[in-house]
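Take a look at the structures listed below.
In what comes next, subunit A is part of two complexes: it sits with subunit B in the first one and with subunit C in the second one.
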Partner chain A sequence: MPEPLLEINNLTLDYNLGDRKMRALDRINFSLGKGEVMGVAGESGCGKSTLALAILRLLPRVAEIKRGEVMFNGRNLLTLTEKEMEHEIRGQKITMIFQNPQNALNPVFKIGTQMTDILRVQDKYQSGGARKKNQDFKQQAIERLKLTGIADPEARISNYPFEFSGGMKQRVMIGMALSSGTSLLLADEATTALDVTIEAQINRLIKELAAKYGTSVLYVTHNLGVLAEMADRIMIMYAGRIFEMGKTDTVFAAPRHPYSAALLESLPSRQVRGRRLLAIPGFVPPLDRLPSGCSFHPRCAFAKDICRKEVPPLIEVDEGHWSACLLDQKRGRKKWQWI
Partner chain B sequence: MLKYIIKRALWVIPTLLGVLILLFGLTYLMPGDPASAMLGPRATPELVAEINQRMHLDRAMPVRLGYYLAGVVKGDLGTSVWSGHKVSSLLAEALPHTALLALTSLGIAAVIGILLGAFAAVRRNSPIGGCVTIVSLLGVAVPDFVAALLLMLLFCVLVPILPALGAGTPGDPVDILMHLILPATALGIGWVGYLARLTRESMLDVLDSDYIRTSRAFAIPGKTITYRYALKNAVIPSITVIGLGVGKLLGGAVFVEIIFSRPGLGKLIVDSVHARDFPVVQGGILVATLLFVLANLIADISYAFVDPRIQYE
Partner chain C sequence: MAVDLIEIRNLKTHFYQGKGLLSKLFGEGLKTVHAVDGVSLAIKKGRTFGLVGESGCGKSTLGNSIFRLVEPIEGEILYKGHDVLKMDQKELREFRQQAQIIFQDQFGCLNPRMTVGQIIAEPLLMREGADISQEKLGHEVVELLRAVNLDPDASVKFPNEFSGGQARRIGVARAIALQPQFIMADEPTSGLDISTAATILNLMQDLQDEMGITYLWVSHNLNQVKYMSDDMAVMYLGKVVEKGQTKDVFSQMAHPYTKALISAVPKMDVDKRKKTILLEGEMPSPINPPSGCYFRTRCPHVYQRCKEEEPPLVDLGGGHFCACHLHSN
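After this line comes the complex of A and B, so read on.
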């Protein structure tokens, strides 16, 4: 495994909504190597986006980090001051692409203005603001657009976001997020709002640029199919916890957790042609009313008494392959065939 | 854009025509007639008949309207029956006072109200934010004529530091300014509250939006985010309100001008109503309508400068 860039230790986070307390992240542990692409998958409301936002400390006000650390290049991001985050981390070393490109750019400012403002901030914090001219930043913005494959960037830079399609807006975001200085890219459902052909183009672009700059990627999605192509390793989350983590090929070929198996069986593919796809019964429980024991047990076809009583730990069941299922750990069950 | 402006400007004509017809109907219903108002107790039937004939008051309504419209087209709004001056020159004298009052109070209200609202939104959980909310509620709740009387009592009677009456000596900017402070404050205070509340609400929405989160993710400094990126989005509703509110502002100006004895358009119209000086009333309201329509047009056009998504066909 490559040298770790990001190490998350025991990260636990609550959302305090009035009298309701929701544990959105529960003892999250993982590390991400330099240049590695880690996929994060799971149903809606399982804490994927919260995890990405927690790394950059861009959480909504109601969120409260209870314990844990986010080690980035050996520094704990959770103990940095807001100023240090702004000057050294956000938009410099760690950048983020958001779910909905339609709303991710400010509607009343030109693309070029928004890009040059960001470039100016990056330049100020990186080289101490060596008095570059506006024209230089504009040229730089045009180059970034060109890099992401936007045609005629010289003219496009004077457009407003509403004159761009969703895919083009996401290209702008990628152009801003990926540069030679970026160590870690957080892609939070970056292609969810786009149609399938554009999705493929955008994902290829992310992969190419990340490889070019040696950037690590935390790729959050609910689309497992995309991860098969994008990710070196994947992490399956459920109700704020990691259920399974391992090499993409390994997890896809032999999932050790029934939830991962269910997610994979609900994917359409050539192998399951002519068969009904699996629909996991029920839905992700509300985070303030989690079931006892393993939080997945009410929906799990294999659940036994023990699953209702004990919370399964996440342990390394095979080399580099982690899973949190009691039946696997205590009863030695390895195969999960839902249908 | 130009085509849109011309189209909108042409719409002014039917609007004014409608207002004029309504106005003629109303003066018809009003008790008292200009001839006896002019002549007072010495009115003889012959003199009354002569004046009525000269002013076409003996003719049917549509004919009178026709005469009036012909005059308006030629730029002749008639003559005051009270003072004998031309209505157009009376209006030209009064208009600058009202325009100065309205624009000053609107300008102050817009700047203070929008900044207060933005500030209250940024400090939504601090006591300062709460204070702004209370102050702006007070501003909305107090009618402008009450504010005018209270301000006058406070700064002209209890602590006499500002002049109470008139519009100041013409040509003396300091004096004009001193005479402007109280009326402009009285007229604008409700607007400060209203705009502050409006801006606070839209600012809260904008600050929680995805594109502001993008700015934060790229380490754009907080002040730049608030006062550049967020505020431009948050003022859009305020522009509509200001444009539509100019009518209310002109109405408020009437009260304020009467209380402070400012020789403006509102005072001219009210005085003329009392004096049954119909030509002046008609001319005054015609100009007020024109101002209202123009203000709405300006508001609509200014959208395009703030929000590029709006384009005019």
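After this line comes the complex of A and C, so read on.
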């Protein structure tokens, strides 16, 4: 286990919508090592994006962190002032790339202008006053573009975002996000909008640059296949909780939680032509009306009485392999064959 | 051997881009987008034909051309032997009753101001005219909702009251309302969660088993096409580069583009994980396609001949075709 960079302890977060209280994150505990790639998977509404945004404290006003800590390099990010977050953390030590690079770039400014703006801000807070010339920033921007594999960066830097394809825009975002100063990259569905061949290019780039700078990555996606290739470890989330966490290959080969097993069985890539896919019965419950006990029990084919009564804790069931299923923990059931 | 329901011969659909009125009037400076550029393929009755390729390869344009939602400039589309492109309005109307589309945007294709019952009843009203009794109509709507595993109460609700997966089911219910022979499904699970996507795939397979519907399955998801389709074609820049039975294309992929595309799909199982073939750059613009083979600008095996000659689609045996000079001798 590498030295931890990010440690999340007991993080619990509510969205307060009028009289409805939605618990979007419930007792999230995990740590991310230096240089490690951690995958976060789960269906829409499971809280995976909220988790990424909570780390950067970029949540909407209705969100309220009830308790917990986000320890980053030994400092609790939740207790920093807004100014400290802005000057030292966001866009400096922790950066984020989003699903739609189109929305992250301003359409009326040139790519070069937007990149040098970022560099200037980063420089201002990092170097503390030693003034650089515009030309230096421009050169630096060109180097970043080159690093991300964009051909002819000297000319491309004067282009506008609409002149770039989706894949190239995502390269620009990665170029802005990953540099020697960044120690944590949050990628939220960063390649979901791209074609498979471009997706493979971008994921390769993230992996290479992260390895080069020793950056840790929290890679949020619903695509389990991408995580199989990208992530060292993976966590599966459901209704605001972590259901399972462990080495990617171990979790995929022998999931300890029935929900993870179900997700894997519903993938067409794992099924032969003509055989039915697993469709998990029912729906993801609304976060303000979670079922009692294990929140997955109404949909779980294996549920017993105990699952309705007790909330399963996330326990280390094997070395480095965590799971939150009472049947596993108390009855010793380890295999889940849905169909 | 199944018979062909739809046969497409040398289909070309081009779009024109001009700078302004003058170029439109005189045809000067007009750019031609070769969206579909000489495609031939046959869709067999009762089976599923998968059409794959990256964004901008022309797969959706090809699908839309079959319904004449865009007008092709050349070629033939034979539906049970009749050329769709030569049909008059009346014939086209009949054809469009037998051929339906499930659209990619599950909410965009449902009128937000109509109830689900009205949406599903609309094709029935179009066919029957005003003669159909309300009672019979209501009965049919309930049957259709049941067929796609939706609650009959859904008919009085509006589309915004449904989740993405349910909205997709409404689209499916409308598509099967007239008992069509052929359905084009354009990215039918895009934007859906894993387990929701699985329910849609199961549903579509059940409907095919019960009603014998032929599918044209347009998708960029190769795992899904492998799982769903019997035959498939891979498109690149408006052309078919490889086609054949799905099992042959996956087990004996011949075209370098197919190989790269399939290798780029992330693999779940460690032992199946081979080296991903990373393609350089992106697809060229269909306004100015490269000379010779369209794929040569990104192909790892490119040689002189690829620049000069366009590779023909060659039969590799058993109806497996590939357009690449590596296989054309």
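Just so we're on the same page, the second predicted complex is superposed on the first by the 333 of 339 C-alpha atoms of A that agree within 3 Å, B and C clash if a C-alpha of one lies under 4 Å from a C-alpha of the other, contacts with A are read in each partner's own complex, and residues count from 1 in each chain.
FYI, a contact is a pair of C-beta atoms (placed from the backbone, for glycine too) under 8 Å apart; a residue touches a chain by one contact, two chains touch by 3 or more.
This is a predicted model, so every value here is computed, not measured.
Room for both subunit B and subunit C is found when the two structures are superposed via subunit A, with no clash between them.
In the superposition on chain A, contact of A:Ala279 is made with subunit C only, not with subunit B. Once the two complexes are laid over each other on the shared chain, residue contacts for A:Leu263 go to subunit C alone; subunit B is not touched.
Of the two partner chains, subunit B is the only one touched by A:Tyr160; subunit C is not. For subunit A, the partner touching the most residues, choosing from subunit B and subunit C, is C. In the superposed model, A:Asn223 makes contact with subunit C only, not with subunit B. Between the C-alpha centres of subunit B and subunit C, as viewed from that of subunit A after superposition on chain A, lies an angle of 70 degrees, to the nearest 10. Superposed on chain A, the gap between subunit B and subunit C at their nearest CA atoms measures out to 5 angstrom in whole units. With the contact threshold set out at the top, not one residue of subunit A is in contact with subunit B in one structure and with subunit C in the other. Across the complex, subunit A is touched by residues 54-55, 163, 193-199, 201-202, 205, 220, 222-224, 226-228, 246-247, 260-261, 264-270, 273, 276, 278-279, 281-282 of subunit C. Only residues 208-221, 224, 229, 232-233, 306-309 of subunit B touch subunit A when the two sit together in their complex.
On subunit A, the positions that touch subunit B within their shared complex are 56, 58, 60, 85-87, 89-92, 95-96, 98-100, 103-110, 117-118, 121-122, 125, 160, 162, 173, 176. Residues 43-44, 151, 165, 167-168, 195-201, 204, 222-226, 228-229, 249, 252-253, 262-264, 266-274, 276-280, 283 of subunit A are the ones that touch subunit C when the two sit in their complex.
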